[in-house]
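The following pair of complexes shares a single chain, chain A, combined with chain B in the former and chain C in the latter.
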Partner chain A sequence: MDKKYIFIKRFWLPVALFFIAIILPFVVSEFWVHVFNEILILGLFAAAFNLVFGYMGQLSFGQAAYYGIGAYTTGLLMVKLQWPLFACLPVSMLTAGIGALILGYFCVKLRGIYFAILTMAFGQLVFFIIFQWYSFTGGDNGLQGINPPEWLFKAIPYYYFSLAVVTIGMIILYFITESPFGYTLRAIRDNTERTEFIGINVQRYMLINFVISGMFCGLAGALWGPFNRSVAPDLCGWQHSGHPVFMAVMGGPHHFLGPMIGSVIFTFLNAFVTGFTEYWPLVSGLVIIVVVLVMPGGVFGIIKEKGYFSPRDVGDVKNE
Partner chain B sequence: MEFTFLFSQFMSGLTYGLMLFLVASGLSLIFGVMNILNFAHATLWLIGAYICFTFWSLMEAHQFALWVSIPLAALATAATGWVCEVVLIKRIYKRELHEQLLITYAMALIFGDLIKIVWGPTDRLIVRPSIIQKPLFLFGAPIDSYFIFVILIGVAVAVGLWWFLKYTKYGHIVKAAVYSREMVGALGIPIPKIYTWVFTLGIFIAGLAGGVQSAIGSVTLGMDMNIIIQAFCVVVIGGFGSLMGTLVGSLIVGEVFSFAILYWPDGAMVLIFVITAMILIVKPWGLFGTPLRA
Partner chain C sequence: MNDDIILQTDHLSKSFFKYQVLTDVNYQLMRGMIAAIIGPNGAGKSTFFNLVTGYHTVSGGNVFFKGQEITNWARHKIAKIGITRAFQVSNIYPKLTTYENVRQSILAQQKRTLNLFIPAERLAKQETLDLLEITGLSGFRNTEAGILSQGDKKKLELALALASKPDLLLLDEPTAGMSSEETHETMQLVKRLNKEIGLTILFTEHDISVIFGYAQKLSVLHQGILVAEGTPEEVRQNKEAQACYLGEEI
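Now for the complex of A and B:
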């Protein structure tokens, strides 16, 4: 096959999504622009989570901690020190990365369910620190008045800002997953023992990946604070850690865009359901059960089953 | 600091630790046998507490109300657990780890909201029967007399579980299933049935613990989240699937929490995580755990 043709086959979907995202604010009302903004931020969060889950094969139930660290870093810098938003984003990535380095050091010693438990426990540790450190983080009151600069204050400009940051983030993530490093992660996922035998320091690779994932979770969190004008400790809670897991599963963890698609479905559902009931956890719980029991491979899993894409087409992770 | 003061603090730590043990032992038992981590465990524990409150308020006028409500709550919670097992958990025995976790996570979300719908957001308080209203003096230190009851229940469940695992036929089957399910199945023992009853037993203990908890203080929404995380720490410290480890882990966490809250109230939880992390560095599978099963 022609190289150009493969290129088009691989990238038509993300490019099409990007252009749809650009046009959207012209066709939908401001409420839905907010929803799409949320989709972008949570989609980046889920994609960063999927680096650990879909590519490295370990389930982290505590990624919200790094998301929360990012959100609080931006919030604190903007409220207490009046830093500009642009400067906050890289610093948030840095602090979330440092958090992931310290906690991940312990987590990568474990695998499977033990990994999941420890990531969750550490996520909750971050939650409790933020929750109880009143003088610094405002405790359960959270931080209010995280206002983006004036030219980003309205919904639509901030949406484009998020779109730009998320797109750049996703492109970087894509290059990471397609690099030799990304393929080493797949090797670790598929057979840890053999990967060790060919001389790869599995724990080190896992830790590096955990830190990268944490940094991008932090970036997503940093976008969230100014978007929502406030941050609360719930952002780091275990319930929030479950969201990217569910998004990745719903979209399809073995596809680079799966988590983003999951975010679209999940966030739409959230916006729709919270419109007429306060029992969103109940509804989302029921949806999770149905999705897990009925469509285990996620949206992309179903599309693939029906044969619309051959496995290689859009950067599928498995079978490569 | 005086001895009496430290002693009463020690007793409250012991009570708290044994309450943690009641929650964590069921969690550990279910995990050990079925390899399923039950996120909803503490939520079912909280349901037990609310059910106990409901039974108690039906019989409020009588002195014996609390003592009857606790076993009733345990049975009702166990029935809920049994239904969950048969309807949901049964379908995910052979699924992947993340699917099992998502299902129990979804259960926790659903039950959390059901509690809100059924009992509302107001705190519920049980008025204790007169026999346990006054403190008891032990070595001159005032001890909440209900704590003695909690400690007795905790010890009774620990001994009961130990006896069950060591001396009964079903206990032997359960222990064997922890090591090799295939082998136990090959011997003609119906594994799914064992799973159902192990799950129900775990939830029964959680419901019992919830019932006991309901008279310690008021029953409030969100209590389950604190205790599930501490229960996770307990099983990580003690090692999954080990009864002894769960007991030791619970007592460590309970006592540390109880004393840390005196000197550094904000850092009590953090200290528990620090201990958990330190134990993991020295012994990755916990104090009494055995290395990973794949």
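Now for the complex of A and C:
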């Protein structure tokens, strides 16, 4: 097959989405720019979560802990030490990664429901530490006045800033999922036992992946503080850990863009529905039920079944 | 210890709860051999493989590989040091394609699985295609492994084990579910690998013609006890071995 054709077939969708994202602020009101900014940030969060869920096959119900660590790292550095936002982003990834390394060390010893419960318990642990540590984190008051620099202060510039960071983050995540490491995650998901017998230290790979996921959750969190001008402990709470789960399930955990699409649906609906009614949880619950019943595999599951994406053809590897 | 001994077990035993499944198995395998462990169903053949490869923890005794004790090592370490296996019940990656299955094992052997940034599809192409070719799976490279026939799954099972470039290959009923033609092809391949690269092979098998056609050494396991050992001819004459195969001509 023609190389160019393969390239187009594989990348038309993300490229199209990227251009739509660039054009959006010209055609929608400021309110919706905010909503789309949220979609981007939560989409990155969900894509990072999906490394553990869709690729490695373990459900983490505590990724908000690392999102929160990232958000608080940036918040604290900007408010208490007046660090520039740019410098805060990598440091947030680092602290979130360290958090994921320490807590993940214990989680990766478990599988399935036990893994899910321990990640959730650790998520709540992080929540309570931040909640209780008044002098440092501001406790349940959170941190206020996390202001982005002058040139990013308005909605549209910050949106473009998020778009740039999220795009870079997504590209890195994409490369990881297509790398030998990414395929090793799929192998672990598909058959953990067999993976040990081909000489792979499964726990070690699970931990590395957990740390990578935590780092990108942290990056998403770091974008959130300056976007929202504040952070609060419930960013780390288990409800917030549930959001990427919904998004990945809705969009399709077995497609790289699934979680981002899930974020579009979830966040958009959220903004839309809360305009009419306070029963957002009810609506989101119904949507989840419909998705799970009508389209297992999420939006991308449906599209794939209908044949818009054919399985990757390796028939020509010899001639390339 | 003799340098030519690749695998040795001393008083190797296994019990599940109170059931003694393997009792004091003293086994030695010379480098470069094709050997078989035979015995009726439930004799403990798979359990022996499971102990050597770390699938089950050893209840008693020791396992040595090239003179080094490997008793109860982690599974991935045993694989890395040079013992790999094909499972009796095929144990593959059902959602990955046949090609991706084999590539995964090759990438692991090449120690490239920690690589985060080069697309996997650019790596190990020729090696993967070659291995698919010699195991007779070329026609199925784009097929999801989960929907392969039993026989083809067993071939893939073999390919996954071979991809690790082991020094000792354990095959647990490698031809179960294959047609007689496929069985012959597979065993020819095993024999060729033994001849050409000196791979040591230990297998279990039900098919008498395969056992006597390919093994240079036979060990008879009965109710977890090693009851007879020797060349196929010696075992054929052995009273105890015959007793295990009561009614069956061996």
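Keep in mind that, in the parts below, the second predicted complex is superposed on the first by the 312 of 320 C-alpha atoms of A that agree within 3 Å, B and C clash if a C-alpha of one lies under 4 Å from a C-alpha of the other, contacts with A are read in each partner's own complex, and residues count from 1 in each chain.
Here is the rule we go by: contacts are C-beta pairs under 8 Å (C-beta built on N, C-alpha and C of every residue); 3 or more make two chains touch, one makes a residue touch a chain.
Here the structure is a predicted model, which means the values were calculated and not measured.
Novice: Counting only touches as set out at the top, which of chain B and chain C does A:E196 meet: first, second, both, neither?
Specialist: second
Novice: Which partner does A:Y183 reach: the first (chain B), the second (chain C), both, or neither?
Specialist: second
Novice: Examine A:Y114 and indicate which partner it touches, taking first as chain B and second as chain C; both and neither are also allowed.
Specialist: The answer is first: A:Y114 touches chain B but not chain C.
Novice: After the superposition on A, what does A:P90 contact: first (chain B), second (chain C), both or neither?
Specialist: neither
Novice: Which partner does A:Q132 contact after superposing on A: first (chain B), second (chain C), both, neither?
Specialist: first
Novice: Overlap of the chain B and chain C footprints on chain A, residue-wise?
Specialist: Dual-contact residues (chain A): none.
Novice: So in the complex, which bits of chain A are touching chain B?
Specialist: Against chain B, the touching part of chain A is residues 53, 59, 61, 106, 109-114, 116-118, 120-122, 124-125, 128-129, 132-133, 237-239, 242, 245-246, 249, 279, 281-282, 284-286, 288-289, 292-293, 296.
Novice: Going by the contact rule at the top, pick out the chain C residues touching chain A in the complex.
Specialist: Interface residues on the chain C side: 53, 55, 74-76, 79-80, 84-85, 91-97, 99-100, 103-105, 107-109, 112-121, 123, 125, 129, 141-142, 144, 160, 163-164.
Novice: Within the complex, which stretch of chain B touches chain A?
Specialist: For chain B paired with chain A, touching residues are 31, 35, 37, 88, 91-92, 95, 97-99, 101-103, 105-110, 112-114, 116-117, 225, 229, 232-233, 235-236, 240, 266-267, 269-270, 273, 276-277, 280-281, 284, 292, 294.
Novice: Any idea which chain A residues touch chain C in the complex?
Specialist: By the definition above, chain A touches chain C via 175-176, 178-184, 186-187, 189-191, 193-202, 205, 208, 311-315, 317-318.
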